[in-house]
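Below: a set of structures, written as structure tokens.
Both complexes shown next keep subunit A, but they swap its partner, so subunit B is in the first and subunit C is in the second.
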Partner chain A sequence: MSGMFVHNLRLGAASLRRNVLLTALMIMSIGFGVAASMVTFAVFRAVSGDPIPQKSAQLFVPQIDNRGPQYNRNGEPPEALNYTDAVALMRAHKAPHQTVLYAIGLSVMPADEHRMPFKAQGYATYNDFFSMFEVPFQYGGSWGGAEDESRSSVVVISRSLNQKLFAGANSVGREITMDDHAYRIVGVTEDWDPKPRFYDMFSGNAYANAVEIYIPFTLAIDQKVDTYGNNNCGSDGKRGDAHDGWVRGECVWISPWVELDSAAQVQAYRQFLDGYAKEQQSAGRFNWAPNNRLRNVHEWLDYEGAVPPESRISLTLALGFLVICLVNTIGLLLAKFMRRAPEIGVRRALGASRADIYRQFLAEASMVGVAGGLLGVVLTAIGMLGVGLVFEPHIARLAHLDVPLVLLALLLAIVATVLAAFYPTWRAAQVQPAWQLKSN
Partner chain B sequence: MDIKPILSALRRHKAGTVLIALQIALTLAIVCNALFIIQQRLAHLSEPTGVDEANTFVITNEWVGSPSSQRADAMMREDLRVLRELPGVADATSSNSFPLRGGGWDDGIKLTPDQVKDTSGAAVYFGDDHFLNTLDIPLIAGRNFRPEEITAMDVRDRLAPPVAIVTKPLADKLFPNGDAVGKTVYFVGNPTTIIGEVELLQSQSVERWASAFAWRSIIVPKRLAVSLGVFYIVRAQPGQLDAVMRAAPEALFKSNPRRIINDDDGVQSYATIRAKAYEGDRGMALLMGVICLVLLAITAAGIVGLTSFWVGQRRKQIGVRRALGATQKDILRYFMTENFLISCGGVLFGALLAIAINLWMVTRFEMHRLSLAYLLAGVLILLLLGQGAVLAPALRASRVPPVEATRSV
Partner chain C sequence: MLKMTHLSKVYRTEVVETYALRDFNINVNEGEFVAVTGPSGSGKTTFLTIAGLLETFTGGQYHLDGVEVSNLNDNERSKIRNEKIGFIFQAFNLIPDLNVFDNVEVPLRYRGMKAPERKERIMNALERVGLASRAKHYPAELSGGQQQRVAIARALAGSPRLLLADEPTGNLDTQMARGVMELLEEIHREGATIVMVTHDPELAARAQRNVHIIDGQVVDLAEDPRFHQAVHAARANSPA
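The block that comes next holds the complex of A and B.
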């Protein structure tokens, strides 16, 4: 059998050499089709991936409608919470783990006086943030519940900020000055930057630069640190005057997250949210029925439209392109195989079965597929260099060529070519031995 | 030319005929949708901002520490003085945002205080009495702000401007009779009198989410005095842009070092701002262009390949026809007509497919309806492509000598 297979491959190679132009056309056709699909798929894979696969089914975003049917958008509650609701969820403590967060930007004053101050971006959050999102630490760890409670001036910094300020040394216990306020470093995270940044879709930071600082939410509120991200007030007037009025008002700017480990916990949390909204209703704050949502990471990313439409459109078009390349290959293979009708007739007359013909021509097609796949991989690598021209840099830099993508390109090329070869091969196998042996 | 013999010949090559027609159909469907997307993106990215872009740049200035609103206001006024006195500067202003920034403050405007739904959304720009001059936006009605009307505001203070200037599209939406100047609207719950109208000032974002209030902007007489920082918009005198872009941050640091102006994007010319704002659109147009070209090349190659095969297969018949008196021109015309017939079938099916794909994209990606011109352009391109591709094999066929009729395989 294997001897036969090698023989078929030899026959195929000889046949492919006989008509170089047709063979080259087929290989290029497959190569271009596969490369276009792979490049756009690499981008799509990067933006549609699960940023926290081990936990995406346990992490949920609670949404509470604090606007009511007159002002909310298409009946959906706002995409973040106001301060009142955020604090209420934290106080109620109805999930095993919960946190709320908002984006901050603080000016960091390097200890070395000759260095310029710079802006560091990050989040004001609770200590559960680090365990819920499984943030890896290089040195130290997160602050504790006590620090949240006492509004301590502590900070967790990223590996890159630690590199910038302390040349990578263990800086736990040292102090840094941000916005003229001293913070004690309790932990240094490893490079950790899930893409898209599922936990802050609200501020449009899905593909933003990596985070450098985390400070306690309670402290940030105490220090009147304003949000560095979005603030959405809707169109009713209850937004409050001045900073304190705004904090107590109905503008939303805080992203909440809860971790729920079982269906029962999810059910219980939904009931809690509805109960809370009913309380607000009876207290006169909401004059509408509870309208809450509890979405997990997948549902949340989907709702927030994490995958840019550009990526979907280009993937769709590239697949259409691949289909055309395959139709093209079918035509060329048909021309190539049928040109050899006399040869097939002779082989059939000499006792070759239809199955033999199938094997011979499919072997030839798979060689075209392998060659097309290899060309496809090369073109994909070239295409990757051009991804930056087509997609925005923060998205383009996520796409990369790795081993699975190379294997997928080869597999796609071979499977597609063999599928394309079925019809021409079937036609070749239909050639009648007797008819072909007659003088043409 | 009699097409009957061609049709009966094609019936003997059903598979090849169908494959070429199918390929032409699919190519047409993708090419006219791609051309349409390219046109839409290019039209989008050439929309004007209203700003004198060639001479204007923006400084993103962030304060160190967290100064009080009063302190930030004092520093900002000093900065504006420094900027306006700089040689080569035509004018400078401060704002909360600028066109093409990508995001900013937008809010609803109502005609009566107790109205539930907003009459229109609007992009909100903070500006002083230098704002219009700096951006080089002429008034078309009413007047500019007076210096005494400009007040400082902290970010969470209530925005309650007694007066405002609006763009024409916003004015027309609010007051379709064209008499917006002098009228009172309710903006963030408070009455605001429209004192002036400008022709054009684009929103901060050109993304889809902001399309509901595209071109509808409102300028309020405010200086945004916040601890985070502020944008300075500076217009240089003609030809001075590069020099002023270098001199401005130096002068600011010299006057007050407690600030952060990022090295990479702290000072941006409008050319850079525009390029960044439309990165996605430009990339999409480029991708579509490349796909179109490669697709057309592959389809042409496919036609050449299959037609060559047919010519090779029919050498004997061609010889017979030539022996019976057909001229070289007749043979050439035969293959050209054959391709034309197949192409016609292909483009007919392709046109339907193109419309179907477009309708699907309209629902899926909020695209516009395909205009007929693109369909016709695509049809024409593919018919010409088919004729061009078939020319070489057809010429080869026409050169088959009559003696071929007598040869046996």
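The block that comes next holds the complex of A and C.
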């Protein structure tokens, strides 16, 4: 059987060489169709993947309506919490693990006085952040609950910042100065930058540059570190007086996360949120019925529209283009195969079954598929350079050609071409040898 | 070897039914050399394509080597064609992109034969038709007579029980035709059963038996006086 397969490949190669122009047209048709699909798929894959697959069903975003129905869009509560509710959730400690966070940007003063200060972006959060999101460490680890309580001046920095400041050496225990305040380094993370950055969709940081620093939330509040992300004060837009007024007000700017390991825990947490909202209602802060949400990572990304609509549209268009290319290939293969009707007639007369004809012609088609796939990979690589013309730069830079994409391109090309070849091959197998031989 | 009883073949369109063969009866014994003759459009080639399992028939019975073939599926018919029947066509029907060796190899490939046995059979068949030295040539590089010899080698390589020839010399000049005919006679003397369709009375005269077809039916040769006389004349002039 394998001998016949190799023989069929040889016949296919000879047949393809016979009409180079037709062969080139088919290969180009497949190649362009596959490349268009792969380039747009690379973008779609980058923006639609599960950023934390092992835990995306256990991590939840609580939402509390602190504004009331007149300010909500489609009845949905705000996408972040104000300080009052954030602290209340942390104090209640109703989930096995919980954290709140907000974006910060601090000026780092290098130890070498000849170097200029620079801005480092990151988050003010609680120590559970690192275990909940399974942040990998190169050196050291996260700070503990005690440091959260005592508002300690500690910091976790990223591998790249550590490289910048300490040439990659173990910097745990050393100090850095940010916004004129000294912080002791307790950990250096590995390169960790889930895309989209699911834990901070509120600030529009889904595809932002990698995070460089993490400091305790309690310390950041103490230090009056303002948010470096979004801040939504509702339709009146009043931020409140000075820093304290803003922090104590109803503006939302803090993203909360809880880790819940079972359906029972999820149910209990929902009840807790409703109970909390009712308390606030009773206290006269909320003049509306509880309106809370508890979404896991998938639900949250869907709700936040993490996948840009242009990505879906372009993928759909590219797949449509691939279908058109395949229809074109069907026509070319049909012309090519039916031109060989006399040969098919002879082969059938000499003992080839229909299955033999199928095998011979599908082998030939699969060679077109392989060649089309290889061309598709080259065109995909070229197409990647032009992704920025169609997509926003921060999304375009996520798309890249890797081994799985190359293999997928080849597989798609071969499968699509063989599928496209079924109709022409079926027609070829239907050739009546008697008619072909009589007509000669 | 080949027996057709009350066989019919009808081509139907929406408005007309055409009988290519009607109540057709023939019996060819093992080792016979039969010439099937008749005017153009009489049904000779239709008979041959049905005999070679290249076409199905509408009614009657056909036994090939003792097997009733009407209920065989495509695979079974292909297998019988491959193993028991050798074809020689008027237009040679070599595959132009394959060289002589590869053309002769085609039926052996479908038999799943191992490479050494294939090679031995191919070279034996080519030697027999005197073209072993042309194994690497392509059909376009050969004369018509040589191409037909390759086609005969292709038919012989599989050692078929039955050789079906459709106007085997129709596309050849007299000298080449004579060579091909002598080759067929030699193959027959070695024991092959040959059924040859022709409208050439000289060729028909060299067969052991003539079966004459008019309007899709086997008739007595006397019913076609001109052809009858031509065959007789050819036999009288034959050196044998």
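FYI, the second predicted complex is superposed on the first by the 430 of 440 C-alpha atoms of A that agree within 3 Å, B and C clash if a C-alpha of one lies under 4 Å from a C-alpha of the other, contacts with A are read in each partner's own complex, and residues count from 1 in each chain.
One rule holds in what follows: contacts are C-beta pairs under 8 Å (C-beta built on N, C-alpha and C of every residue); 3 or more make two chains touch, one makes a residue touch a chain.
Computed from a predicted model, the values in this text were never measured in an experiment.
In the three-chain model built by superposing on subunit A, subunit B and subunit C fit together without any clash. Judged by the touch definition given at the top, the superposed model places A:69 against neither subunit B nor subunit C. After overlaying the two complexes on the shared chain, residue contacts for A:432 are found with subunit C alone; subunit B is out of touch. Look at A:136: by the touch rule set out above, it reaches neither subunit B nor subunit C.
Contact comparison for subunit A: of subunit B and subunit C, B touches the greater number of residues. In the superposed model, A:275 lies in contact with neither subunit B nor subunit C.
Contacts of A:310 after superposition on the shared chain: subunit B is touched, whereas subunit C is not.
Once the two complexes are laid over each other on the shared chain, residue contacts for A:342 go to subunit B and to subunit C alike.
Once the two complexes are laid over each other on the shared chain, residue contacts for A:144 go to neither subunit B nor subunit C. Look at A:7: by the touch rule set out above, it reaches subunit C but stays clear of subunit B. Touch criterion met: A:352 reaches subunit C, while subunit B stays clear of it.
Between subunit B and subunit C, the smallest C-alpha to C-alpha distance in the superposed model amounts to 11 Å.
Comparing the two interfaces of subunit A, the one with subunit B and the one with subunit C have residues 342, 440 in common.
Subunit B makes touch with subunit A in their complex at residues 15-16, 19-20, 22-23, 26-27, 29-30, 34, 37, 62-66, 103, 107-108, 116-118, 154-158, 188-189, 226-228, 258, 260, 262, 279-280, 283-284, 286-288, 291, 294-295, 298-299, 301-302, 305-306, 308-309, 312-313, 357, 361, 364-366, 408-409. Within the complex formed with subunit A, the residues of subunit C that make contact are 45, 49, 52, 54-55, 74-75, 78-79, 81-83, 87, 89-91, 93-95, 97, 106-107, 109-112, 115, 154, 158, 166. Those residues of subunit A lying in contact with subunit C across their complex are 3-4, 7, 14-15, 18, 342-343, 345-356, 432-434, 437-438, 440. Residues 21-22, 25, 28-29, 32, 36, 70-71, 105, 107, 109, 116-119, 179-180, 204, 223-226, 228, 233, 235, 237, 239-243, 245-246, 308-310, 312-314, 317-318, 320-321, 323-325, 327-328, 330-332, 334-336, 338-339, 342, 389-393, 423, 427, 439-440 of subunit A are the ones touching subunit B in the complex.
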